[in-house]
Structure formats: structure tokens, C-alpha cells
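Labels for the chains are A, B, C, D, E and F, by order of writing; each one numbers its residues from 1.
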């Protein structure tokens, strides 16, 4: 099992969820995070003084998948989250040792 | 700096030595019943004007609360600036067009840029009347704000405000409220402005909301509507109560003098509002399974708008019925406009102000009672339900229809020109980030973490 | 649509041709000092009523601010609807029971469903008096809201509101404020309602809070109390100031006429409130180590409630002392009720309104001064501390005790019946998700991310 | 418990049997025009005082909205307590110092601890005048709160409030507003307090902000300023409108009687406020690229402050110009103080109240018109622009400079002593966690998740 | 060392913490997240229009444990977070390469 | 590739970011989390009743780095996040199987 952890623009959440839904991977967890990367934050004005917001809001989407589905899921996310401009974000892949479904206690691939 | 201060001080001291201080003169004249009556009327109308002024805050809190967090600073500034611009423009030209010497019953032609040390309007000090009317003009203008919320360009909004308070509203107002206005002379009755203020504002909101188009995400390709919940219910509730409070200036204040009649007017106002909220609550409870908060708030306002035309002509029982109908109307109207007409009105401005403004105007033709009008020292007319036949009803319909037509045409033209020139719609990206950042480079709530919404961060 | 409009227009035009416009009649009658005095009293009491009306918003903001975010929309709707339902019911029956022809000093029996074009109540236009009384009834009813906050079923709340404004409150009010009321005839003094409004509301809140049980999570199995912090302190602060503002209508308005006495009444009101807040702040500073914000707010309200009975009978210095005691009482009472009595009163409604309502009523028996009462044109009585002996104190105690008993019994019965029929308590799951979603299917703040609390998401 | 009740009941019953009930006496005296005029003046000034009282909420909402969430409960309590402490102290000593028998034109010396059943101040009931003045003292004191927001120790703030309302403000007020005050006798004009209230409060804020030092994180080592955005724009907008509403008591109420003049005064007030907001919006639009919300709010207040001195002496057109200048001044002043003077004034209190208080005072010397003053029954003086020469301008400059000097010295001394004794600054760690937790052990918004800010959690 | 990442209903946080406390594992980090899985979101009504909230609030609890304690901790969470209805959530197990205590600089098992 | 997951005090975010910036690792993701460890929460007072807040706010900072940079980054965080008192937090190191840059589709070390 692998965890796909995707960081992308909040406004791409809807298309990403649609693509994942089509793949039959509706089991996802999302977190509101802030990111900083090549994209450098923005400058606002408050009463005549400038201030920088270095961190921009991103969505972190985590979905644990079976190894064989990894490619499909990654491609789906890349496709649907991309806008082409700096700040589109990253996907990181981790190994998952085990998974347990709390409701039933099932573990391993059955839990996903 | 020091030197300047020194010079100033010395000059001042010298001046002071030779100065003949002009002290405030006691007003030695003896008080007469008439002078006191004028003083009293002044106090009353001034305080009524202050309450109506404060309705601006009610409007912008209601709008802000029923829309999203990312647009709330824009809602605030719209509400502040439509009053500020409106006050200046109405003082400059609107007042003259509305209450100046009538040209053919259609428009006034005097009283621009009032700048007199002391002047009088039908026994009332001119400036207290003017101030009361400024507050009304502000209310008429700001109704637009709610209807076009979350997508209207701020620059275009400012211009629209100027046109409404400087031209569209005063002309309609002249027809009905000026001595020589053609609807006034015809005997159409609109005591405190169901038509003059609310229908005018509501039609502007309707035409504006229609021409600016729906908010991004409001309608699906299959034409079904999405709900876009408001971000702050307490804010909307406070806004509603500030508005209701203001109505105690709006309606009884419209008598423009202190008299026992203001008590009756305040009473009908209260009962209609209470009935409107109660009905809206009950109907949503029945239809949606649970009593709906924002609709109940709208219900109170619907009752208030509807009783505004008739508050001095109808009995408390009639007011209750007018409010009941208003509370029903507003719920179905919101649904109808949302799902059938498909005009995106985020706060129900059209249903509250246009629909119930029309209903309230018509209601005068149905519920007016000569006994009440007479007791209140206003027009003594019987409506259809009290043996007066169709006469008054006809006038009311004519008046309402004429004003709807006038506003639809002029506001339509105005929005059309704005659209073709500076544009009226904030583009998709601007709506996505929100009007606060896009139009004002401000975050309304930077210390709170926004919730993740379906469409990404709200 | 088009055709209808055409027909309407033509009919209207025809009508217009033949119509005899009925213009507003100038009130040709000459002004007399008496008529102006009535006009002035009308304006004053109307504006006072408007201020008291606005206290509703103060109440729901205070409650909302001192409770959790998940229940705030429910708090708003309760506050809106208890006024709306209360206004209608009080107009229908409550007013008649309270101020109608007395049956044996116990209950009134006339003046239901007032629907007159012009009527008079002791020289004041009936409707302004009625409106003022409606606003008072609303205040008495809405005190319950805070005490039972965060767990009371909305349907049962609506019914309770109707019963309080339609029966419990008017009967108690009759005793003390109606010409023929038995406590009134006995000479019990409650100028603006420490007993009539606040004790009544406070006892309702106490009985209601006790019978509905504590909020889930309030008490531990070992009977110790958990704190459940309010979610919005600015909201509570604004609510408090709206209430205080309203008190400038509540207390001086209760004179029901314009006179220099209202100045004195407003003065005593202010000093007591200021003293209450100051004491509460100082005591919490001493006891908890830091000056407590929400308790200081409660302290101001405690001072206001306590001075309400005596504001026209006591001197400024006495008012200050009454407020000091109130500020002390409220802090200890909140702790006592929370930790010893173990009745869960989220906003301190019982401590503010019941405890200080009783204290204020008693205080009249201690601090009244004939000189002040006389100068204010009300009862000239000396209290215990000013040489009047125990007479007035006895009456005050009797009055307070009688009303406490009346309300405890009737409200207890009411809650009991409600509990056995439709139920009064939102179940554990409903409280967990919050009354906003459970009772109204609404999220009050959907755009903000809730904080994770100890017990999961708050 | 039961026994006590029984005893009480029996005692009371016995008492009741023998008691001679003292019923309220009808005020049998016939109404005369003069008595009614007094009644009317009382009502008017009382309601004006209530509006000015409510400005406190406007102040603390404005401050709270323009600062960070972690300090908002502190802002609330400061606003509550400065009124409460101020009311008590001003009643005790401030009023006597301000309006008591003048000692050499410098300070009053009678009227402390007023505790009379009925008293009179120049024909007005004493207590309504006193209440109005209490509300003014509260306003003067609370201006400090905004300037020193987010870092001032609460204990020191309470003491400063007492000193300002009990000494600094009343003395300055005596000079200008007391019959025998030296600036009053000289003929300096400050109708409603651009100097007395706003300059005094603004200078306190300036000196306080300077002496307490900037907030942690406000200035960088290279002396450049960081922006620290406010946390709640709707809160600030409502605060501004509450203030504006209050100004309809503040300015016209300062006439201290009902007369047509209050209409003119309200009119000039409105136009200046509207012009101030409009200009601030336009200038920020030009300078920053987008219309700035919080500056536009400040602009309205700047217009209000500036017209306060002259509202009864100038024409509507002049008021508009005064407001335009105020709107310009406030924007540049905020920038100047932030970037050049480097005094950290989180809400612009200095720019709004001190700078525009001075501007408004000077403006009287420029724009006063004898015709307006006369019509309003106040001083008939022509300013520089209306042919009056430099005389009045000199007096205005002298008056403004004297008060600035007085307050700078006394407030400076006060802050210095406080600094050396109990301390005035919350340390870095306290500011980091926020004054709510540090000073009051409270979280203002525990149910909302704070946003992550650059500097960690805000 | 392993990381136990549990996603469960917010209202189960209290019992979960109690169980973990008894195991002597008070070192935990929690995050407010939103999830979507078999449990499908809810429908609300706003002014006469329905709208769906697809993501439901969940708590993500992370606790890094020594390998030998893995079983105990997982069992404790499963036991205390379970309600038996859909939406109870999942537990994922990851391998942790290393841990460092910032305060002391200690690393490895001493840091936990 | 490794993921450095650091949990530390919110007020240390600024120094941490400065140190990381100097290392040339500006690509980071931060999340507001709550933690419980040796540091035991605080007690507040509400209207005369005490209540405990068991979870204290922490920042979770995630940065995926190349293996060779791991030491530098960890040291930088430890240095800049430390205050020396209990509650300073932990750093956990995970293995990352792969990384993909959404904007370009690049993967592996090029994506970082």
C-alpha cells in the first residue's frame, strides 16, 4: 500500500475529487495547509503599509491506495490539479506498512 | 516648529486683549406653543432620521452575514459609501428633483445645494427634513447592494449609487411624495415608502442582479441552483434588528411631526413585522422540516416593507394580515426567483423589497380605513375590504406599476451603459479569491483559518 | 402578464380621471400646551419603546457570545421569535390580563386585541403604551433564553414564550403595575420592573434551566462543574452595551411621560451600572487573579437590574451602593449556582435577573427617599436607611416573594407539561452536533474552521 | 429556608394591613409652555446622552476590529471599564472641576458628588446635563484605548482613565466650556468638542502610544514599519457606524436644548462625515491602487471630528469642505505617523482625533459665518474666509495650542509616573500570547481555529 | 519506530485520549482534517436550496511509537474510536526512520 | 528522498523559516496542529470555573529533502526551533518513495 500525498491549489479540489471519484477512490482525507515554494507569497496593503503573506493556502490531499493503483491515482491528480503556473504543488509517495479499518478491525488491503 | 508656536501664541494673546468676545446669545424670545411644537417636531424627526441613518449598518450587516467571508469587507464599504455618496448627491441634486417646484408633476426643479442659515419646509426646519430624506435615499440605494452582492465591481457600484440617489429615486419620489407629483395628486397613497423606497430599491436590485449575472458557481449547467450559504448568522440577525429598530424612525417618522398618530403607526409596524417573521418561520418549518433562521429574518423585513405604505391607514388587525401575507410571499418569492426566474439574489433583496414593496402598496387599496387615516391626520380612504371599492386599489396599482416601469427602464439603461463602459462584473478569478482581496486588497478576517469548502477554500 | 398590466393601467387611468383625490388633511387645530405635552410624551415613550425593543438584540448577542458557536443561530432565532410571538400574544391577550379592568386585584379582564383608530391610556396614546409594554414583555420572556441555552428544544421554547408573555408575566405585572393590582394597592414599589420583568424572567430561567437539565458535559460524575467558554467575547460585549443603551428607555421611559425626573432616573441607572461592572471586575480580579471580562459585563447588567425597581426613588449615592452590592452578588451567585446549586445557567441569567431582581426590589425598602420620589413625581416613601422603618421593606419582600412563588409554580407547571408532551431537551447527539444543525439545519459560520476542542470539534 | 419565608410572609402581611399605601401622585400642576420646553429639552438631551453613551461600543468595536483577535477581549473590557470608571469619577470630581464655580478661569470648584433630588443647570435638569457630560468624558478617555491598543497594561489603563476623566479632561473642558473658563471668555469657539474631547483624547493617545512604545513586531531594526492587519473588518465598520450614529447626539445635543438649530447642526455633521469618507476612499484608491476599507472608515470619523467644533457656526458647504480636508488629512497623517514619526497607533486614533480635532478647531476660525451662528442661537462670528479677519483664527489657534500643551504635559507626567511605578507595557511574551490570555485569562474566540501567520499563530 | 496515523470521528477524541493516556502514550499530535469515504457527506438546506457537504470533519491523530508498542496502540485506538457505523475511519501505519527531540537533540527511541 | 516532519512551537516559525531559507530549502508545507506530550496543557478560568486545555497549538512543518541534505535541514530546525523548555517538539524522518511536481510532471529528485 502506498500513500499519495498531494499538495495543490485549493481551487483545484473540485476537479481533483471528480477525477478520483471516477477512479473509484473516494476514500480521501484533506487538510488545509499553507505552503511556500518557488511561488513566493503575495504583498498586501494595510493602511498605507505593505505586508507580505509568505505562505499561501494549499490543500493537502492524502489517499492510501493499493500499489497497483498508484500510477492511475497519481496521473489523475497531476492531470486535474495542474494549471501550469508556479505554485501548482507536489505529490509525494510514501510506503504504508499497514491499514486498519476502525469500524470492522479489518486490516491490510481490505481496509482501503 | 517652536518659532511658529511662539508667534501664534503671541499673536493670539494680542488678539485676545483687543477682542470683544461674542458670547452665545440666550434665545431671549419667549416660548410659545407653536415654537415648542416646532422644536418638538425637529427633535422627533431628527431622531427618526438618525434611526433611519443607522439602518445602513443594518443593511450592510444583513448583506455581509448572508454572503461569504471573502466578500464581507466589500459589503461593508459598499454600505458606507452608498450612504456617503448618496448624502452628498442627494443634498446637491436629488432633493431638488424630488421636492423642488414641480415641473408637470414629473420632477422637481428647485432646492439644490441648500446652503441657508435657516430655512423651513412646511413648518419643519428644512435641514431636518432634508436629513430624513437623505437617510431614505441612502436606504433606497443600498438595497441594490444585497442583490448584486459578491460579484459587482465596486467602481460601478459607486456610480450606480450616485445615479440612483441623484436621479432615479428622486424622480419616483417626486411623483408620489411631492405636493405636485402626478401620483400624489391622483391620490395614490404610500405613507412611508413601500413604493418610493422599497420598490425602487428592489427593482434596482432585480435589474442589477439580472444584468450582472449570477455568481460563479450559483447555477449548474443543467440550470439547477446551488446554495451558497451565508458566513455569519449572528451578523445577519443583528443587521435585521438594526433595520427593525430603524423602522421605528422610518414609518412613524414619515408623519414628519410629533402626534399621537406615531403611536398607531409604530403599532401597525410592529405587528406586521412580527407576523411576517412568524409566518416565514412556520412555512419554512413546514416546507423544509425545520424552522429556517435566515428566512425568518427575511420574514420580519418583509412584514416591515409591506406595512410601510399602509402603516398610517390600516388597523392593527389589518397590519397583522399584511404581515402574514408578506411572510408567506417572501418565502415563495425567494424560491421562485432562485429556481424559476434564475436571478441570483444572495440576500433576498428582491423578494423583501420589490415583491413586498408592491404587495404593501396594493395592500393599502385593500385594507385602508378612513377612520384610521383620519385619526392619524392623514388621508381618509377606505380600501376594497372596507367598503371603499376599487378606486384606491386602482390608484395603488397604477402607482406601483408606473414606478416599477420607471425604475426598470432607467436602472436597466444605467446598468447597460455601465456594462458597456467600465464593466459591472468581477471576473471569475476575482470572484474566486473574493471581492475583498480583488477590489480592496484586504482580508476581512486574517486571524481566522478559513474552512475548506467543496470548491476549495471558501 | 402583459395583458394584465394593460388592463390594470387602463382601469387605473379611468379611475384616476374620476377620482376625487383625498389629500392629507392639515391638522388645523391650534396647538395647546396640553396637546403638545401629549405629543411630547408620545415621542418620548415611543423612542423609549424602540430602545427597549432593541434590547432583544442585546439579549441574543449576549447569549450567543457567551455560548458556543454551534448553537448561535439557535440563540438568534430564539431571540427573534420570542419577540415576534410575544408581541402578537401580548397584544392579543397579555395586555388585557395585565392592564385591563382588575378582577380582584389578581388579573385584568379587558383591552384584548386592541384595534381602535385612536385610544388613550391615562392621557397617553394607548398604542405607545401598548408598544412599550410589548417590549417589556419581550424582555421578560427572552431572559429565559439565556438560562436554557444550548439544549432547549426550539418548539418548546416557542410555546414557553407564548405562555410567559400571554399569561405568567401579565398576571405578575397586573399585581404590581395595574391600578387595581393587589401589590400595587398595598404600596409595593417596583418602578421599572426589577420584579415585574427581571424576577419573572429570572425565575423562568431558573426553573427552566433546572428542569431541562444541564448541558451535556457540564457536570462530571463527581458532581464537579466544567467550564464551557463562550465563543465570541466581542459579541457579548456589544450585547451588553445594547442592553445598557436600552435601559435608558427601560427605566426613564417607565415614567411614561417627559419630565425632568427622567434625568434623575437615568442618572441613578448609570451610576448603578457603572458600580456593578466595577465591583464585578475588582472582585474577579481578586478572586481569580485577573479581571474577568464576561463577569464584568454581567456586573454592569446586575447593576442595571438592581436599580430598575428603585431608580426613581433613590439618590445617586444610593444607586451607587445598590450597584456595588449587585456587582458583588452577581459574581458569588454565578459561582454558587454553578458549583453548589448545580443548575446550569450558561450566561448567568439567573444571577443577573433573578438574584438582582430580588435584590433591587428589596433595595427600594432600604434606600428609598421620599424627597427623591416626590421630586420625580412618583411615590414619596422613605426606606429603612432613611428613617422609614420596616414598612416599605416588608411590602417589597412580600411582593418579591409572591411573584417568585407565582412564577415558580406556573413556570414549573408549564415546563413539566411541555416535558411530558413534546419534550424540552435536545438529546445528547443533538447537543453534540449543536442546535444550529439539529434544530435549524444551518451552520452559523460555515466559512471558518472550527477549533479542535478537548471533546472533539466544538 | 421555609421558615424564613414564612416569617417574611407573615411580617409582610401584618405590615401590609397597617400600611398607608403612598400612591404615586399625579403631577397636578398645569403644563405651561416653559415647563413643556424644559421637559422637551430634557428628553432631547437625555436621548442625545444615550447616543453618546453608545459611542463607547462604537469605540471598542472599532478598536477591536482594527487590531488582532488575541487582544480583542482586552479591547472590550477597556471600553467597558473606561466608561464605568469614568462615569463614577466624573460624577464625583470631574464635573465639579469642569463646570463648578471657576477659580481664575482655570478650574471649577463646586458641584462634586451631586446627590440632590432635583437640581437645575441653566434651566436644564442638572442630571441630564451631567449625564451628557459623563458620556463626553467617557469618549475623551476611550480615545486613548485605540492608540495604545495591544500592548498597554490593563491596570495602568484603568488608572489612566481615572486621571483623564477626573482631572486632565475636566480642566481642559473648564477652560473652553465653563462660563468663566479663560478660553471661553476669550471667545474661543469649540461647539461640541473638537478640542475639548477629541484633541484631549487624541493627545493622550499620542503621548500614551509614544511612551508605551510600539507593539512587538511593528518596527524593524532598519526602522521600517510592518503592517499588522486588523482581524475583523465588519466589526470595525459597525463600530464606525455606531460612532456616527452617536454623533447625532454628540453634535446637535451639545446645543443642550431643542430648537430648529439642531437640524442645521446635524446637517453639517452629516455632510462633513460623508465628505471625509469619500475623500479618504478616493485618495487611497489613487495612492494604493484600490479603495481602502479601513481608511474610508477613518475618513468618516475624521470628517465627524473635524466638524465637531464648527458644526453650529458653519454652512453646509463649508462643512463639506471641512470634511474633504479631514479625509485628506487622515490618510496622510496615518502614513506620516506610522512611517516618519514612528509612533505606533494601531487604529489611527491620533490622526482621527488629535490631527482632525486641531484641524476642526482651526476651521472655525476660517469658515465660521455670523449668519449661521446667529440662526442657531450661538456665537455670531465670521471666520477668515467670510470677512472676519484673523481674530477668531487667532483665538482658535491659541485655544488648540493651549489644550495640546496642557494635555501633553499632564498626560506625559501621568504615563511617566505609571511607567516608573506599576509599569505600562505588557512584555514581549505577554504580547505574543495576546492581552486576552495575558491580562484576562480569556480566549475571545475559542471555537475558531486561528490562522497561521508569518510569525506563528496570530 | 512506527507512526500510527488514525483518522476518526471528532467526538471520539476524548475516549481515544483516555485510552492512550492509560497506555502511557501521551505524546500525540492531532490535526483537524476533512474526510470522504464510504460515508457520503450530508445535505443541508439554505433558503430553500439544498446543498451537499461532501467532506465531513475528522480528527487525524498521529503518534510515533516504538515497534513493540505498535499493537497495543492500534488496538487502543480501534477500541476507543469505534462506534460501529460507517465513517469510523482508518488507521495507517508508517515506518519512521528517525526521531529527534528538539529540546535536547536526542534521537532515536530516546526521543519518543 | 526523505521527509522531515517537525513539530514545534508556533512562535518559532519565523526563525525556522529564516534558517531554512539560508539553506536554500524554501519548499515547505506547514499545518496548524495541536499537540500533547510532556508539556501538559494549561488551565484557564471561565466565570469562576477552571477548565483545562490539554492540547497546545504547534506547527507541523514538512519538507521533503534529498538524502544528502537531511542532516543540514534537521540541524537547522533543531537549532532554530529550540527554546530549551518542555514542549519544544519533535522531528520525525520518513522515507519518501517518490515525488512528482504537478506543474511539470517531473518526478524524483528533480521534483524537489
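Going forward, a residue touches a chain if its C-beta (ideal position, glycine included) is under 8 Å from a C-beta of that chain, and two chains touch if they have at least 3 such contacts.
None of the values given here were measured: they were computed from a predicted structure.
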item	value
Neighbouring chains shared between subunit B and subunit E, ordered by label	A, C
Subunit D against subunit B, contact positions shared by both copies (same if over half, else different)	different
A-D compared against D-F, more contacting pairs	A-D
For subunit D paired with subunit E, centre-to-centre distance based on mean C-alpha positions, whole Å	52
Inter-chain centre distance, subunit C versus subunit E - centres from mean C-alpha coordinates, in Å	47
Multi-partner residues of subunit A (each touching 2 or more other chains)	30-32, 34, 44-46, 54-55, 94-95
Residues of subunit B touching at least two other chains	33, 36, 40, 43, 47, 229, 232, 288-290, 292, 294, 441-443, 445, 448-452, 454
Chain contact graph, described as a line, ring, star, complete graph or other shape	other
Chain-to-chain touches, reported pairwise for every pair that qualifies	A-B, A-D, A-E, A-F, B-C, B-D, B-E, C-D, C-E, C-F, D-F, E-F
Subunit C residues within the subunit F interface of the complex	225-230, 284, 287-290, 292, 294-295, 331, 334-335, 338-339, 348, 452, 454
For the subunit F and subunit C complex, residues of the former touching the latter	34, 44-55
Subunit C partner contacts - residues on subunit B that touch it in the complex	33-34, 36-37, 40, 43-44, 47, 51, 68-70, 185-187, 229, 231-234, 237-238, 240-242, 244-245, 248-249, 252, 257-260, 262-264, 266-267, 270-271, 273-275, 277-278, 281, 288-294, 296-297, 300, 315-317, 320, 369, 371-372, 374-381, 390-391, 394-395, 397-398, 401, 445, 448-453, 458
Contacting residues of subunit E [partner subunit A, same complex]	2, 6-8, 31-38, 54-55, 58, 60, 74, 77-78, 81-95
Subunit B contact footprint on subunit A (complex, rising order)	9-14, 30, 32, 44-46, 57, 59
